[in-house]
Amino acid sequence: MDEPLFVIPLWADLTAVGLGGVQGALFASGFRGQRRLDLLGVAIIGIVMGMGGGLIRDMLLNVQPATLQSNWYLLTATIAALVGMLLAGVFARVNAVIVGLDALVIGLFGAFGTSKALALGLPIVPAIFVGVCSAVGGGILRDVMMGLPVAIMHVGSLYAVAAGAGCLVLAVADAFGAPIIASAIAGVAVTTVIRLLAVIFDVSLPEQRALHRRKVAVETTGIPVVRPDAEA
Amino acid sequence: MDEPLFVIPLWADLTAVGLGGVQGALFASGFRGQRRLDLLGVAIIGIVMGMGGGLIRDMLLNVQPATLQSNWYLLTATIAALVGMLLAGVFARVNAVIVGLDALVIGLFGAFGTSKALALGLPIVPAIFVGVCSAVGGGILRDVMMGLPVAIMHVGSLYAVAAGAGCLVLAVADAFGAPIIASAIAGVAVTTVIRLLAVIFDVSLPEQRALHRRKVAVETTGIPVVRPDAEA
Amino acid sequence: MDEPLFVIPLWADLTAVGLGGVQGALFASGFRGQRRLDLLGVAIIGIVMGMGGGLIRDMLLNVQPATLQSNWYLLTATIAALVGMLLAGVFARVNAVIVGLDALVIGLFGAFGTSKALALGLPIVPAIFVGVCSAVGGGILRDVMMGLPVAIMHVGSLYAVAAGAGCLVLAVADAFGAPIIASAIAGVAVTTVIRLLAVIFDVSLPEQRALHRRKVAVETTGIPVVRPDAEA
């Protein structure tokens, strides 16, 4: 009743959940902040990254969250988070893996979000919006829970651009009558490639900025307390 | 089916979305923190402020988000965010515009939230609650995404009071049989006026506190790490 | 229609809301951070802690939020928050009360979340997940709104473990055909006892870590800006 036209195949959905879980746990394992995460904290981030995109999508669409209709989603996300923790210990340098998985995961969540929204009859613009929220929502939850600056607001604007471009390609292909599977594959590919190219060609920029920021942080205690209200 | 009794007219809803988008982009453009926002970050905040109130309202009411049923909401929010960015460049001092728009926007979102909740049959107290959440929810999302202290918890308590008073007036007028349009206009007016008066008469207080806080911040590194647990 | 099999009795639900409200206001009253909360801020945290668990549960389950179907929930949460503020002034050392109430409240919200999810037909694993989210969700909202590190990610992992264990006991007892009331009481007891034991036996550990962290914070300005990306 909820999804009359199109159901994302369980294996595809679980693949995205699993990759998200691995990526989240890898990311959280590598975290060196003021407060280290314990093992359960790492697992929670893995589960948030695996489940978050789908939950946000279904809450925006006002349908039963698909990720809560079967035991498999949470089991997959949890096992994936454990795998991610092990991988983080095995590999000395996991950054390339984190970035690559991340690009693929935002592509998958974006494509699933947009296609489910289109299947439920949403117009093209909000369908793309739902896709982008699915793609970046897990990362926003992760950053908020870890106390990090929200990535898509700063260095990560490329996230939103990459996710938006992929969702747009999917929605336009669908509007022109392309089969949904082909449209979704094209959408995932566009998002992943844009995101990877962005990382590869910007790879030195964020660190320079980070150095600059570190200095500013020392001088000002680093908290963004200054609000526009106090300035104009 | 979802809103049998009352539908907020599209033009009114889009006006609130547009004003919220302009206000959000103006606010974000003026932001001088540790990490400046790029252009896309400013646009995201504009969209969050334009769309956030309506999304939170409809998720609390468990209905299809009205803002996702038509292309116009996102297009309006996006264009409004672009207008807000341009205005931020044109005017040297936009603070009065930001504060004025903000007062009007929380009035509009509060009135729409309360009247939709009443139309769906909610009792008066939760209807006011939904209105207040619609009014202040966009700002909470904005602050969390920008890494700012959540305004309604600190200097911005007046937000919640102003929004609550306007929603109360609307709900009471409705309960006494006043036409919903008149009730809504009264609610918006009450919220806007209270908020503006609060800003005008408190205008020097926040800055003094801000100075004081800056010093405290330097001494303590400025992070609220002390939890009640560690104190009693 | 939404809850065909099981309705949480209003008095039980209101008890959880009231205890949550008292606990939230006690917690917020004791807060000594960079920015003190004003009275309304304390009340907002009380309401968030009283209402948050139920709202998150019902949004995950895609049903009308029970807390918005009657005036009593918000009135109870608000009055409880006022009581919490008064108690904070009366008692010199409220920490034991805060911790004890907190253990009971996460037990109650976890049990209500899991049993409502099971009554709506969710499989056992997502039903436990909904219970855990109900139990810890209010605290996450509180921490985000107060600008604190999210407790369940750090010292508070024991939260999630305690909540999960109680929800698991409830769900397993229910699966073996135990009456839901008995299962729920067992679940609440397990969560509360685990959480209290964890606090009692770990009581010196967090402070040592806190001292260490304080020093680190001074050296680095204390903001977790280092992301894994910048490290590998």
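Chains here go by letter, A, B and C, matching the order in which they are written, and residues are numbered from 1 within each.
Rule of thumb we're sticking to: a contact is a pair of C-beta atoms (placed from the backbone, for glycine too) under 8 Å apart; a residue touches a chain by one contact, two chains touch by 3 or more.
Quick caveat, the model's predicted, so the values are computed rather than measured.
If you lay the C-alpha trace of chain A over that of chain C, the rotation comes to 120 degrees, to the nearest 5.
Where the sister copies chain A and chain B meet, the same residue numbers recur on both sides for under half of the interface positions. Separating the centre of chain A from that of chain B, both taken as means of CA atoms, is a distance of 26 Å.
Multi-chain contact residues of chain B (touching two or more other chains) are listed as 34, 59, 62, 144, 149, 213, 217, 221-223. Within the complex, the chain A residues that touch chain B are 34, 59-62, 117, 122-126, 129-130, 140, 144, 149-150, 152-154, 157, 160-161, 213, 216-217, 220-232. Those residues of chain A whose C-beta lies close enough to touch chain C in the complex are 26-27, 29-35, 37-38, 40-41, 44-45, 55, 58-59, 62-65, 67-71, 73-75, 93-96, 98-99, 144-149, 151, 206-207, 210, 213-214, 217-218, 221-223.
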